[in-house]
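Paired with chain B in one complex and with chain C in the other, chain A is shared by the two complexes that follow.
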Partner chain A sequence: MSAWGQLLRLETRRLLRSPRGRAVSAALFVATAAAGLLGARLAAAHVAAGQADLEAARARVEARMRGDAPLSPVETALWEDTVVARGVAPLAALTAQDLAALPDAAAVRLTHPPTALAARAERSPAAALLGTFDVAWLLSLVLPLAVLGLGYDALARDRARGNLAALLAFAPSAWGLVTARVGAVTVAALVGLGPGLAVALAATGALDGPLAATDALLVLLLAAAAALAFSAATVAVSAFSARPGTALVAGLVGWAVVALALPLGLAAFAQAAYPDPDPRPELDATQAAQSILTKDADRLVAEEARRRPELDPERAADGVQSVLRFERLRAAAHLRRVQGAGFERRRTQARRAELYRLVAYLSPTTWLSHGLAALADTDPEARQRFMAQAEAFQSQLALHVEAPLLDRGAAPGGWPRLTTPPDADRTPALLGAALYAALAGLATALAARRLDRGALTPAEEDA
Partner chain B sequence: MTAAVTALALAFGLAGAGAYQARHEEHEELRTYGDERFSVQSADHPHAIAHRGYVVSRPPPVLGFLDAGLDGALGRWLTLDAHRTRPLEGARVGDLTRAPGAGRLDLGLLFTLVLPGFVVLLVHDAVAGERRRGTFAMLRAAGLQPGPWVAAKLAGAAARVGLAVFLPAALVAAALTAALASDAWPRLVAWLGVQALGLAAWAALTLALSAWVRDPPRALGMGLMGWGLLTVVIPPLASTAARAATRPPPPGVLSARLATWAESAHAQTEDLRARAIRDVRRRHPEWDGNGDSPEVLDAVMLRLADREVAERMAALLDQLAAEQDREATLAAALSFASPGGLAQLAGSAVAASDLAQARLAEAHYEGYRRELMAWINRWWAENGQGGFDAWSDTLKDLSSAPRPTPPRSPARLAWAGCRLPCLLLLVLCAVGGAAFALESRRSLRGAA
Partner chain C sequence: MIEVRGLTKRYGARTAVDALSFTVGPGELYALLGGNGAGKTTTLNLILGLLAADGGEVRVDGVAVGPGARPCAVYVPEVVALYPDLDPLETLALFASVAGRTVSEADRAGALTRAGLAAEHHHRRVGTFSKGMRQKVALALAEVQGARSVVLDEPTSGLDPLASAQLAERLAAAKAGGAAILMSTHDVLHAANLADRVGILQAGRLVAELDATGMDAAALLAAYQAHAG
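And then the complex of A and B:
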């Protein structure tokens, strides 16, 4: 075994056998496993809520189409909600906090744009006030603290005791010493984190849908890269500090800035850059559009019929068909106007989410939470994606009910139903892992350079 | 340190005040807008007007500029209409940030999340520093009694924390209150009291740590680590456990139920007609039930059905509220060990940005909705027979009447919300103080 390998083994063994190393590793294991199990339970509740919403709306639709005065498919699609459930990816168990702010389902009618059902944070907002202890929270907020606890004195203690020069004399190089200590801290963190993550990933098996092996590996890779980067940063802070206490305080201040202040500040920035637009024009336009449904709308229906001549009421085979075609076109005219009224709001929300996704890369702790959220389809833009899927379903529903109107016979299959498939994006996780690796390299290089230059400066005790 | 706290307080305070100002302006504009739209509406059929709806804006919390609490997680406005057929309409939660406080930035977050770290920095060496400098041994040799020592240290810690940490932030809070809500001074005092209690609990716990740990750097490290864990682990863990233990009914299921009830309001069943006739005869004993009714029966049926729908809805809302209360109480109880989490819960209750206050406004609007819809149906029932000639003038009178505004948050609600967290904070203060006293006593006696 090379000298560096021996050094790494010695450092790792020393750290893992110390009471601090054991306590931090055990705490990380327990916390990660607990966060995973709790998150899986919360995600399962969201899956159940979405499906319950879907089934309740479906039962109502079926009852309306079979009752004493049954509605036609067109009327049902116009006046009754058909619910689309948001698919929950197994990895959403790791980002359960995001699930609280996302709707589990959306209601679709042909007259209105799809409406998101109330998210958990709206129905029971206590969770919003205190946060949610999920794996993403743990990795982005607690893991840096744990790593700091493991390695804040990695080099500062030797410097304070005056051992550093002697240590460097026996080490292969300053770089070798620093990388061995970074490696030891990372391994000690991963000893607790790895099994904890394995438990958390296994807990996602209780949810619907299999967990892709690639996604599981990406989670482990991202967590390992983050642990490495946090370890390197901690050791770098330790290398630049004269005493362990100074290193600890500097590390904690850095943690408070990077993990707490930056994400909050960046979210405030995104909110300030794209504030919600004045709701009054939308309310006015929506109210004006309401009259299309309640009053004569011959002119508008004629306009719509020019767009879609196949649905022209005048070409209908009988009076019933004519009325239903009229209602369908009237709904289309209403929908067009209401969609236009809400365009500004939707565009603002989409831009805000996009801006937040971009600026969040300024905070290293959010690389992790964003990578996980993108894998779990719970990132800031998940709401927009889900509403777009609901809009696509609305078109599918329209085609379904239009088939009998166009004399194409009843559409095959029953009333359309949809649980949207989760849309995992692996790029942010890969990008996050690469950024963490780069950060680890940079921090290690800085620490090694500091040791080269400052190892022989007198320690406090020497002075 | 005072300069750092002042700078942070100004940054957090101004950010909170800016968000509150925008929210307050939007509320005023929407309130005016809702009243205007109601007053200029065309004199359609009364029930069409009831269905057309009326936009109301939820008022911002009284001390929302200091502590926005749940305000960001709740809708800002909603539409009230007959039978509440559009429960999903209204401004909804858009995005909540993955961070303590769900992304809000205000003095409440500063007090509960950041300032405790400063308290640890200030107090960690209160005893450990004496030990390191050797003055503790001198004091022991001089025969110092534990009582005066403990009292002096507690008073010293209170003075340092009060002057260097609490006072600058409190002055910023007072300045913001003077600028934005000059009638909320009593509430501000209560809110600052809660925050002071939270910081006192942190100070007591740090003093105990300082007495227990021999070395100041170690005391600082453990204190700051404890601060990190107590602010970012215990509160979200408590909240998550509470969330996992409770299951509010899915909104789509409720929505389907509401739609079925709303439909029943228009169902003209024989039973409902018979009840409507009995109702009319009760008020018009001279009518024997035959011939033309003195009131429009359809309108009476609608009013009766609407009342039933509203009663069912009230029961449903009570059930939801009970579920939410269970979750909030569980979260408060489980965050017992975290002064930050407890101060956050108590602070938002005093600032009127907690669940109980949001519910108060909702209950007010629901009451107003029922009253308005019943009034419209009653008018239709009583005057509809002669046509709608008088409706236009009546509607004008109704429209010109001021819309009732939600009651200002009563003190009893604030007290109910902050009682348990404050009690637990007092317990933490007592535990920290007692641990410090016992450890000091042991150390001093040991020397003798």
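And then the complex of A and C:
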């Protein structure tokens, strides 16, 4: 074994023998496994709820199509209770917070048009901080804290005790010591995190199949890279601190800025840059259209015919009742307003998702959560894609129902299905891992340079 | 061999070490004797390259020392903390591997035994050791790392009489092996017993340099009082 390998082994052994090291590793394992198991249950519940909603909606519409009174053209416009299921990617269990806060992640209630709710990153700071306990939340918020707990005194305690001078007396450079300590903190974190993640991934079913296993490996790579970067940053803070207490306070302040203030500030910025449009015009128009379309057409026509004989529907050249034609035109005008408002809303959401994708790279903790969300297909952009698919599905569904009603015969094929197979975007995870590696290299180099420049004792005058 | 020439360190307007010059030859133990604030620890930090000097030069085994160029010397601080969760064999392995060397367990055990640490303690964690036992581990580092120079800061502080006697034996053995040993102390008795030469520090200046061979503690105390009093 090389000298550096031996050093890494001894540093890791030293850390894992300490009560603090054992406690942090064990806590990471328990928390990660628990978050994965809870997420898997949540994702399974969403899939089951979506499937149940889909079957119930289909049964309702089919019963009406088979009934004595066939579905009228007016009734075909009523899709507000139509629910379609969305396939949930296995890795979505790792970002269960998005699922818990977004009932339409598993099932989309097809109002007219489909609506999307904001993802976790787009919601309020309180939602991001106090949301569901899941692996993405754990890794982006708790992993940096755990690593800080493992390594805040990696160099500061030696400096305070005067050990650094003795340790480095024969070393040509501090590089070997610093890299070994970064490695030891990383390994100690991974001793808990790795098995915990394996349990979580196994619970989600993400280990089944070669493609899913590739994504699972990518999750492990991203988590390991994050642990390495957080470890290097912690050791660098320790290298620049005279005492362990100073390093701990500096690390906590850094964590608060990087893991809390920066991501929440960036999310708030994205929200402020593209605020949601006023929903009232869309809701008012929808309500007006529905109010018109749900009127009793026969009663309305009879009343209108008595009141205004000149509009006798029997006199219409095409045989269509004039009043009904008028009402349908009114409803169509309202629906066009609804579509216009919906377009504006979707455009705002798309721009916000794009902005969020860019600002997510400004904080090291969001590299991780963003990469996981892209792998799990729960990131804001994936939701935008899903909404577009849902609208296309809605059109297919309308044609399928209207075809027999308009005497065009049965629609070809069976019931249309909204199928959204997992469409993992691996680029953010790979980019995140590369950024973490770069951050780790930079922090390690800074720490080694600090020691090589002679900062081996507390800066105090002891003469 | 440790050579100090015109070494100077200032903190603002105050001069902590003032044009200090002395030499510690191979097989010699040199004691820097002085009261609190005399500049002993600052001098050692300058020699170890832990502080940047404002003037003068330090050479250890012929190599110039500075913050970017540390000396190949074993340093035994006043509080020998080491790593409480490692045993002495692992401690020696760790220190050697930081320097890029691997040393066999047999060699490490031999160094510990020669430093006075019985084999029964080789697999106990250092956290359970007394200061005297930790000092033995630190002195074993000198042999493992092949150091020709040893720097000790207040080595007898807090040691019981038996541990002090054992330390004296170990230092005598290191001297006999040709090591150049520099120690700081404010303990006149131990300086007289251990040192070949004594430098008396007063306000950062070397006010006297005495040949301590054959000098007893009373004579050294009288000389110290005459120069530093």
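The criterion applied here is as follows: the second predicted complex is superposed on the first by the 319 of 463 C-alpha atoms of A that agree within 3 Å, B and C clash if a C-alpha of one lies under 4 Å from a C-alpha of the other, contacts with A are read in each partner's own complex, and residues count from 1 in each chain.
Following the convention adopted for this analysis, a contact is a pair of C-beta atoms (placed from the backbone, for glycine too) under 8 Å apart; a residue touches a chain by one contact, two chains touch by 3 or more.
All values reported here derive from a predicted model rather than from experimental measurement.
*Asks:* Examine A:Gln6 and indicate which partner it touches, taking first as chain B and second as chain C; both and neither are also allowed.
*Replies:* second
*Asks:* Taking the superposition on A as described, I'd like to know which of chain B and chain C A:Ala52 touches: first, second, both or neither.
*Replies:* first
*Asks:* Should A:Ala424 be classified as contacting the first partner (chain B), the second (chain C), both, or neither?
*Replies:* Touch partners of A:Ala424: none, neither chain B nor chain C.
*Asks:* Just to be sure I read the superposition right, which of the two partners does A:Arg41 touch: chain B = first, chain C = second, or both, or neither?
*Replies:* first
*Asks:* Compare chain B and chain C by how many residues of chain A each one touches, and report the one with more.
*Replies:* Touched residues of chain A are more numerous for B.
*Asks:* Regarding the shared-chain residue A:Ala285, is it in contact with chain B (first), chain C (second), both, or neither?
*Replies:* neither
*Asks:* Is A:Leu355 touching the first partner chain B, the second partner chain C, both, or neither of them?
*Replies:* A:Leu355 contacts neither chain B nor chain C.
*Asks:* For chain A, which residues belong to both interfaces, chain B and chain C?
*Replies:* In chain A, nothing is touched by chain B and also by chain C.
*Asks:* Name, in rising order, each residue of chain C that touches chain A in their complex.
*Replies:* Within the complex, chain C contacts chain A at residues 9, 11, 14, 16-17, 37-39, 41-42, 45, 48-52, 66-68, 70-79, 81-83, 85-86, 90, 93-102, 138, 141, 145, 147, 153, 204.
*Asks:* Across the complex, what residues on chain A touch chain B?
*Replies:* Going by the criterion above, the answer is residues 31, 34-35, 38-39, 41-42, 45, 48-50, 52-54, 56-57, 59-60, 80-81, 83, 96-98, 100-101, 104-105, 107, 115-134, 136-137, 140-142, 145, 148-149, 152, 243-245, 248-249, 252, 255-256, 260, 263-265, 267-268, 271-272, 275-276, 278-280, 283-284, 287, 290, 294, 349, 352-353, 356, 366, 369, 373, 380, 383.
*Asks:* In their shared complex, at which residues does chain B touch chain A?
*Replies:* It comes out as residues 15, 18-19, 22, 26, 29-30, 33, 37, 48, 52, 55, 69-70, 72-75, 77, 88-89, 91-103, 105, 109, 113-114, 117, 121, 216-218, 220-221, 224-225, 228-229, 232-233, 235-244, 246-248, 250-253, 255-257, 259-260, 320, 323-324, 327-328, 331, 335, 341, 344-345, 348, 354-355, 358.
*Asks:* Help me check something: in the complex, which residues belonging to chain A touch chain C?
*Replies:* Residues of chain A touching chain C: 1-4, 6-7, 10-11, 13-14, 17-18, 161-163, 165-172, 176-177, 180, 452-454, 456-457, 461-463.
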